[in-house]
Amino acid sequence: MSSATFDVLRKVTTATITTMLLKKGIRRCWMNGPKPLVPGGERLIGPAFTLRFVPAREDLATPESWAKPTSTRGAIEAMPEGVIAVADAMGIVSAGIFGDILCARMKKRSVTALVTDGALRDRTGVLASGLPVWCAGLAAPASVNGLTFVGWNEPIGCGGCAIFPGDIIVVDDDGAVVIPQDLLEFVAHEGAEHELYESWVFTEVERGVKLPGLYPPDDDAKARYAQWRKRPA
Amino acid sequence: MSSATFDVLRKVTTATITTMLLKKGIRRCWMNGPKPLVPGGERLIGPAFTLRFVPAREDLATPESWAKPTSTRGAIEAMPEGVIAVADAMGIVSAGIFGDILCARMKKRSVTALVTDGALRDRTGVLASGLPVWCAGLAAPASVNGLTFVGWNEPIGCGGCAIFPGDIIVVDDDGAVVIPQDLLEFVAHEGAEHELYESWVFTEVERGVKLPGLYPPDDDAKARYAQWRKRPA
Amino acid sequence: MSSATFDVLRKVTTATITTMLLKKGIRRCWMNGPKPLVPGGERLIGPAFTLRFVPAREDLATPESWAKPTSTRGAIEAMPEGVIAVADAMGIVSAGIFGDILCARMKKRSVTALVTDGALRDRTGVLASGLPVWCAGLAAPASVNGLTFVGWNEPIGCGGCAIFPGDIIVVDDDGAVVIPQDLLEFVAHEGAEHELYESWVFTEVERGVKLPGLYPPDDDAKARYAQWRKRPA
Amino acid sequence: MSSATFDVLRKVTTATITTMLLKKGIRRCWMNGPKPLVPGGERLIGPAFTLRFVPAREDLATPESWAKPTSTRGAIEAMPEGVIAVADAMGIVSAGIFGDILCARMKKRSVTALVTDGALRDRTGVLASGLPVWCAGLAAPASVNGLTFVGWNEPIGCGGCAIFPGDIIVVDDDGAVVIPQDLLEFVAHEGAEHELYESWVFTEVERGVKLPGLYPPDDDAKARYAQWRKRPA
Amino acid sequence: MSSATFDVLRKVTTATITTMLLKKGIRRCWMNGPKPLVPGGERLIGPAFTLRFVPAREDLATPESWAKPTSTRGAIEAMPEGVIAVADAMGIVSAGIFGDILCARMKKRSVTALVTDGALRDRTGVLASGLPVWCAGLAAPASVNGLTFVGWNEPIGCGGCAIFPGDIIVVDDDGAVVIPQDLLEFVAHEGAEHELYESWVFTEVERGVKLPGLYPPDDDAKARYAQWRKRPA
Amino acid sequence: MSSATFDVLRKVTTATITTMLLKKGIRRCWMNGPKPLVPGGERLIGPAFTLRFVPAREDLATPESWAKPTSTRGAIEAMPEGVIAVADAMGIVSAGIFGDILCARMKKRSVTALVTDGALRDRTGVLASGLPVWCAGLAAPASVNGLTFVGWNEPIGCGGCAIFPGDIIVVDDDGAVVIPQDLLEFVAHEGAEHELYESWVFTEVERGVKLPGLYPPDDDAKARYAQWRKRPA
């Protein structure tokens, strides 16, 4: 995926992305659960780096397990620059998958963002780390309290969506969406066009035009939009 | 309903309204789900204009459906000035019923507020529209991703309450309540009296009076309140 | 419990406390539900003073019941200075257990904080009361709309945890945890040591050290930490 | 409560009982959760003997705790003949509160039935014990896996209802209902009359009479019923 | 819809119907909630006659409301022979929408079946009425305890599906599915063909053939099936 | 694992197994969700063969995907004789993971049982296949309606438990439990001893002995049991 496409996509809201994917028959692309820990930040994009947890078992999910090769620590060291880490926590919000130290290390490694249908822990420290986070809650207990980490870059479920490593993730104030790789170009360019159209609709609404016939447009509105579309920049 | 009654009611918290309705045997009047998108705003009041959705079916819930006569667009154009739109989204928070453009149009039409047990989409744009919103979440996907719009000004359920067109809706930081039309006068006037009484209780608590005997009042407290009640304004 | 121990514990995050308790085999110590009404405040500690509700029954849960000896009013007058009140609302968030007046009285009685897996009502007034609150939501209806108060200082459940009167409660931005009394010394002193160690890890992460071998530490990291530990203050 | 009243009540379905209680303004009387382990048995009645659990804590909820004075064992030995034991398991269905041996002992002590919003364990053995059981599920783990027993004959919540020791419990294929003691006579006698009326309605339906005007009856239907009511037995 | 099509469809399982609808892009056609009250009965088919409830409000949902023109009684008298009544109870299973008398009347009116995402009451009497029922539970309280009836033959949601009056409903042991009217012919005939194919696959599995290449079939399997398909009946 | 150990274990209930695992600190061993499709069958044991699903995505979860190498068909052909297949369906019960044909093939391959926290489809056919099934529901739609199959013999979550390939699964009327391999001998032999002890307790209860002092036993009961233990077979 080219950085030019990313630049186009960066101006497309997650709301518009879901509408473009619906045109391709894809309804399951918005993750139910992850919300921005700090709303109002900029939209972020990156390829998915997946993390997978299963439920805790008391003989496996222990602080000692953090030193094993298959650990969240190992996963973080395997993350390439620019990825968005997506963690399948099975929607469990009573254990925080990552805290301040792990987030700080991810930030250091230039990870773009962390997305999970689970919880984070150590809110103050996570905010201080500067890592952008989309999560479903905050909880004091460590991951091992409810979860066992089992691997990275496998297909996962997150918030009711299938996420495959390398899928494109976009996050903004409306949450997190996943774009299949082969639909990236379509979504970026149709989406940008759609944003332009909506900005025109907005000006029409501002001047008092009614919605029926405008959004979606009838022939008259299409003509007016085509006219506006040709305006000098 | 007279605007004088509305002026009285405007000073009565939703908390007090529920207590007045409980005196009339009504416990189901607070909608479980809608929260203010922006807390800390002023209390708002208006008659209910209802919107009804059913679950999506792939052949019906499409972007094309937005051009049909029975559409959210049509419903908005039918909203009289001053109403509070209440949308039954069956508690589904994985599709946003309205986004920036529809909210902007509602604002233009002088709709007082939007209340739903579902989600909004396009948070940034909705905030920019200036329409006050009480909802249960934010989601990027459009309504058609999970919902089919079927009509307006029918009886609906919202957040566990029955809402009939014309019922009085009041929203503040504690959420949204519904007042049956024939109880409006009672709730407004008893509620205002109750607020006055609570303001006196508050001064008593401030000077260290214990709660038993004060709230609810025993005979002594009633006498002291009656005295205070007669003070010059 | 000595105030010296409390002073040590005050610097230990709820996140670290849960890890210390896990060392003793206790996984159920973080309450799922209570969140700070105002995030970003200081960490608070106190012995638990418990409150218990059962579901409402229409003939019992009435405004009149507030004048009975076994009432929330009576419970508040029984609260010693410095306690943290923990209310078992069975996770019901459609009725607010306390509003502004009761919170103001608790504040007056020097109660440290209120924790519940239920809701508060009258958000504006509760904030004005100055009482720190950890709750699971806000709702306009009074407790009697959904709950019947049955007693205080009994064992309760709150957010999936067993709470016994006198257990130590700690609240911060990650929520509320309970420490069994006989583990207080261990948690405070091991926890403080753990915080010191994490502060060193943080400096290591800042200078680019990888997580495996650092957190948890291998022998080399242990040696480096021991060196740092001996530094002059 | 006299055994004569019980004999009358025994012929009144739980469905009819809830309608009689609604006439008195009581809507919260049917427990959401308990279902008959073996449907098709006879209707059972008895005063409530309550059991209360809170969530498990690993240092308290152990097999060793079964030998303590405050244990389910102790509670069973305190049960008078003829009671219906109602256990508040907080709706947790992943731990079985009782198994074959405890049920066998309850049967031996002439307990009428066991009702819970939690689960039983050891289905085969429980069936063999002959104790009639209304529960919300079956689970292999013992109570201590998820619950801590804290006492008996206290007010409890069960399936969304408040249950006070001595309230009257009735169970049949539609589940379990609770009757406040002071409404027992009303419910039994009005209920029996209602059953008689419904048996007449049934015969009317059988001969093809339409429902409007019949159920509830208009004046004509009332007259026909009065006539039928006077028939010789 | 011709009765010939119904005769074809009667031999197609609901499982196969959902697969045929998936070929047309429709995934939301199986209602999550309704289960057969008596498993093992025959498959039933009929056009949908819809019933709609909203939540109860204490001043409206009363036994008196049963005598109003817009009542469940009125709805039943409006049901044509052969329909399947589908009731939107918003998934509420703590109030039984219909009991023995209403089911008996529906049976008398030759209604084919009753489907709901809510509960029935009076299990014994409902079974005795002989009306086939698919529901999500059993509850003693009457509908007015939790629901207000608002109308019939409107679009509704039931178990996560949109149901329009006249849609075709099919029920069997796997639950209830809805077929849009314009897909009925396709589903019936493709479905019947699919059942034939599956019956051949079954014989192949019985003689030990592996699944890959068989189900779905590769070219060789297709050829063998074509051969078998031509066998004399 | 020797077949001798399995023979011992076969007589130990899942209820007793969970108690033995609790002695080793393991509370998460019973799967919340799977129930016997046909209660009353014999207890079954086998090593876990795991199957993993993630949520459906419309471009991947299609009937065509059934022909891919990574498909449920491929997984079934990889199952050794005697295993218990455990499928992680993320608790989704609105799509049936397997139907009659796949179950028939599993039976043909001498798979011992199928366990899932999801649903089966085609109840009649599954029963006819003779494969013992523990599942959380029945649903007409195929797996691709809600799920994408991603692999086998990976660690999975099922009903809140971590399941690793080769863990020992035991199923009976109380549901499904998982035994870590290295605890198998302990659980089998301690469990068998516990069953023997419980059978003695049962005879004591039958002759009217009280529970306190008997279960768990005090010194006197221990002595009586030791005596009984030595009885000639």
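As written, the chain order gives the labels A, B, C, D, E and F, with residue 1 at the start of each chain.
Keep this in mind: a contact is a pair of C-beta atoms (placed from the backbone, for glycine too) under 8 Å apart; a residue touches a chain by one contact, two chains touch by 3 or more.
Everything numeric here is computed off the predicted structure, so don't read it as measured data.
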{"item": "Shortest chain-hopping distance from subunit B out to subunit F", "value": "2"}
{"item": "Each chain counted as touching subunit B and subunit C at once", "value": "A"}
{"item": "Most widely separated chain from subunit F, with each centre as the mean of CA atoms", "value": "B"}
{"item": "Same vs different contact residues, subunit B with subunit E, by half of numbers used", "value": "same"}
{"item": "Longest centre-to-centre distance from subunit E, chain (CA-based)", "value": "C"}
{"item": "Distance between the centres, which are taken as Cα means, of subunit F and subunit C, whole angstrom", "value": "38"}
{"item": "Intercentroid distance (Cα basis), subunit F paired with subunit D, Å", "value": "32"}
{"item": "Whole-Å gap between the CA centroids of subunit C and subunit D", "value": "36"}
{"item": "Shared-contact residues (touching 2 or more other chains) in subunit E", "value": "25, 27, 29, 56, 58, 160"}
{"item": "Chains touching one another, given as label pairs in label order", "value": "A-B, A-C, A-F, B-C, B-E, C-D, D-E, D-F, E-F"}
{"item": "Subunit C partner contacts - residues on subunit D that touch it in the complex", "value": "24-29, 54-61, 90, 148, 150-151, 154-157, 160-163, 180"}
{"item": "Residue ranges of subunit B in contact with subunit C within the complex", "value": "13-15, 17-19, 22-23, 27, 29-30, 32, 35, 39, 160, 173-175, 177, 198, 201-202, 205-206, 208, 210-212, 215-216, 218"}
{"item": "Complex contacts: residues of subunit E adjacent to subunit D", "value": "56, 58, 62-64, 66-67, 71, 73-74, 76-77, 93-94, 96, 99-102, 104-105, 108, 121-124, 138-142, 144-146"}
